[in-house]
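Take a look at these structures.
The same subunit A turns up in both complexes below, where it pairs with subunit B and then with subunit C.
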Partner chain A sequence: MLKVKNLKVGYGNVPVIFDFSFQVKQGDIVAIVGSNGAGKSTLLKTISGILKPTGGEIQFMGERIDTIPAYKIVEKGISHVPEGRQVFGKMSIKDNLLLGAFTIKSEEQKTKLLKDVYEIFPILEERQDQKAETLSGGEQQMLAIARGLMSNPKLLMIDELSLGLAPFLVDKVMDTLKIIRNKVTILLVEQKVQEVLEIADWGYVVQNGRLAIEGTGEELLQSDIVKKAYLGL
Partner chain B sequence: MVKNKKILFIIIAILALIPIITRTKAVLNAIILLLIFATLGEAWNIITGFAGQTSFGHAAFFGIGAYTSTIVFYRYNITPWVGLILGGIIAAVVAAIMSYPCFKLKGHYFAVATLAVAEIIKQIFVSWDYVEGATGISLPIIQRSSGFAKRLFYLQFNEKIPWVYICLVLFTAVILLCSYLENSKMGYYLKAIRESHEVAESIGINPTNYKLYAMLISAFISAICGSMYAQYILYIDPFMIFSLDISMKIVLLTVLGGVGNVFGPIIGASIFIPLSEFTRIKLGGSGTGVDLMIYGLLIILITCYQPKGVIGIVQKLTEKSKKTNVGGEGKIEATSGN
Partner chain C sequence: MKYRRAEDSPLFTKLKGEEHMIIAQIIANGILMGFIYALVSVGLTLIWGVMDIINFAHGEFLMISMYTAFWMFSLFAMDPLIALPICTILIFVIGVLTYLGIIRRVINAPGLTALLATFGLSMFLKNLAQFLWTPNFRYINNSMVSGKTIELGSIVIGVSQVVAAVASIILTVAVMLFIDRTRTGKAIQATALNKNTALLMGINTKKIYAITFGLSGACVGAAGALMATFFPIYPASGALYSVLAFVSVAMGGFGNIKGALFGGLIIGLAEALGGYMLGTQFKYAIVFLIYLIVIQVRPKGLFGW
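Our next item is the complex of A and B:
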């Protein structure tokens, strides 16, 4: 579904990603893990069009998307849940969600998407008129994911799901991913290697902007490189 | 929303009643200027308060409006009503041209760029013979004995009272437009862009387009205010009309009142314009700048203690007075942003 070939990205003259290739298959949860500064967020920003690559190409559903602007990529069916949640704090939860459905033109479909999202995250329905900034960190993360789902994407990309969340909340949010994976393909970028590889079907480890190793979540957790560098075993 | 409409109605009623209570020229003059600047503040609020793009160059649009209606009347004897609309359109076109490169900049850089654009336009007008360059233009005065219909047609009055009502109508129309805009879909998109450009983009909003729409509306309204101002003062020159002073006044009075709130500009203008008129009259020539000093002090205090402006103070007071069952059980936690 998503194919990234020989991708090169940089900020100004500073290259961040050197020649990175990977793919995401429909229906999978794919995880990209790596330490701080490995280029994970840069990768997602490039796929969603906020950054433009300096080389290589990105294909989504057989179509090249690296040359089109970010707001059009959403229409193609890719939704990006940005790092650090970034919900619209001063707006109500419902307004946050409806903004997520910007690309959906039909009001009927908007209402249906809202209903579906409330089914997955009942807490959001309970508090739909509350301002988003009054939610706890975990709830804000759920809201950010829910907002991402409101554009009815085929691929949902989540950047640093666990950032700033207490461990039990990370588990809780991860659990919701198991529910939404029935509807949408998920691409995760994470520093919390253990948790994310446990639920991922396929994983990639990035080091300094290059692919270090790939495999199923299970395989990666058993591999020496992951054990040594990330799990401290 | 209903409460807002009530407040709006009260404000307009008070302003409409003032000419009946007093006919002191100084007071009426202050009211007219207050309304013009409040309207300018509303216009500025659309691009800065809603969309979050700070413009320090609104004098450019104000000036283009003032010059267009004046030139159209001065050179071709066409009614300023035509000039007023034409000025709005030209200002919107200029806004579109300047926005294209400027919107590539963000935050402070955008603000500085708008400031530069306004200065460039001023310099053009200073050295442009067709608009009488630095000498400025005195508007040809129509006969003193002309009837009201002719006066209205040429937008020149001996009295100040018609001006109060014309400006009041303009202000009302603009504030209604702004409150409609605030609660429309576009208002939400603009606020989304203000809170996070990247997130707005990642949910499919094209930020450049929406910022551009906001800029066009803002420039159009500012230009109309400029035409009104020129017709009221009956003399314009580039130094007065394109001055940084005007750009800053618009910014400061909105910040004082409350950025991003439709009542912000009128509250700010109600404090600032009477203050500056009062100091100007009482202190004469020696007093120029005293109002700005007081004003500067007010701004410092406001930004330090209540960044939401006077509106913020009012909101705090009303919230305190009705603090029954407000808020949910949700933990208060700062919204995280990068």
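Our next item is the complex of A and C:
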């Protein structure tokens, strides 16, 4: 469903992603792992249109999307949960979720989407009138994911799900991914290699803006390059 | 009334010797002016809150609105209160065009570029007004509200000020509700809080910026039509009020609408009371003194976060 071909991205004159190709198949959980500064977040920002590539192309559902503005990419069915959660702290949880559904015109559909995410994350319904900044880190991550689901995406991209979360919370949030994967294809970008490769159907390892190795989650966990560089084995 | 010592005003001759009545009168005048300053300030704070830009041409938008009201009155005998929607819409459009023509090109430029651009626009508009309409003071003398007064006990207030204050309250509350309740208002809030994340929600942030500039213009456009009923109109007539608006915005906390409202009220009161107690030549000194004290104690302003 998502095809990235020979992508090149940079900030000013500094190239970050050199020549990266990968794809995401419908229904899969795909993980892109790599160390800090490997260009993972840059990659997601480019797919969601916040950054423009300097070369290569991005196709989604057979359509080129690297030339259209960021706000229109949401309508195409891609939702990006940004690094560090970036919830609207001064606004209520419900308002955050409704902003996630900004591109949805029908009120009925909005209500239904809200009901659906409240089912997955009951804590958010309990606290819907509270300001988002009052939530704990794990709850904010859940809110960010829920907000991402509110645009009814075909592809949900999550950047650094584990950032700043205690290990047991990471597991908890990962468990919710197993629930939502029935509805939506998931692209994860992570530094916590072990956890995401365990749930991923397919994974890519990025090093210095280039693809190092790809394979199923299990294959990657067994590979020397992952063992040495990320798992310290 | 504004330009003389309060007790010299003919309105007060019958009150002489009744100091506390005069104080009540002064406070009433201060509050009325405060609400109008608030409306001007709300426009200014909106742009800062959403885009982190100080619009130095804000006062000139006010001036253009006052001239619009003047010309509607002198050419078509249209009362400023009837011309108010025209002024509001016109300055809304000028605000949007300012964004599209100038701000959009400089918003991502470093440092002072956007600030200097609005400063340049301010100079341009002031001089254009002088070129087109001469530096002469103009007045709208016989609008439906001018010269009329209301007596509340021993307090006498001008109908034009009351109408302007009431309209300012209504419009300020309307802007607050718009930002707080509507879908577009929430998109404005989201853009103000985090532009890139707003983009990820599918919000067209450029459109939001244009709307914000327009909304800011609408506030000051409405204020201009209201003020034209009792203030002289000349090319620099907006400059003073934009300085006062900067003070009330900074005092209330940049980007905070409620802060701008209270900032405006404080300035209105400080100006009126200070002018009465120390003489009108010092009234702005009091305003700026209070401002300096507030930002020493609360550098982010009374409502700043």
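Assume the second predicted complex is superposed on the first by the 233 of 233 C-alpha atoms of A that agree within 3 Å, B and C clash if a C-alpha of one lies under 4 Å from a C-alpha of the other, contacts with A are read in each partner's own complex, and residues count from 1 in each chain.
Please note the rule applied: a residue touches a chain if its C-beta (ideal position, glycine included) is under 8 Å from a C-beta of that chain, and two chains touch if they have at least 3 such contacts.
Every value quoted in this text rests on a predicted model; they were computed, and no experiment measured them.
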Overlay on subunit A: subunit C relative to subunit B, clash or fit: clash
Which of subunit B and subunit C A:139 touches, first, second, both or neither: first
First, second, both or neither for A:111, with subunit B first and subunit C second: neither
First (subunit B), second (subunit C), both or neither touched by A:75: both
Partner chain in contact with A:95 - subunit B first, subunit C second, else both or neither: both
Partner chain in contact with A:164 - subunit B first, subunit C second, else both or neither: first
First (subunit B), second (subunit C), both or neither touched by A:67: neither
Subunit B versus subunit C as contact partner of A:86, first or second or both or neither: both
Superposed model, subunit A: greater residue contact from subunit B or subunit C: B
First, second, both or neither for A:127, with subunit B first and subunit C second: first
Set intersection of subunit A contacts, subunit C complex versus subunit B complex: 48-50, 69-72, 74-75, 79-80, 82, 86, 88-91, 95, 98-100, 102-103, 147, 151
Of subunit C, residues touching subunit A in the complex: 183, 186-187, 189-190, 193-194, 196-205, 305
Interface residues, subunit A side, partner subunit B - complex: 45, 48-50, 69-72, 74-75, 79-80, 82-91, 95, 98-100, 102-103, 127, 130, 132-137, 139-140, 147-148, 150-151, 163-164
Residue ranges of subunit B in contact with subunit A within the complex: 188-189, 191-192, 195-196, 198-199, 201-207, 327-328, 330-338
Residues of subunit A touching subunit C in the complex: 48-50, 69-75, 79-80, 82, 86, 88-91, 95, 98-100, 102-103, 147, 151
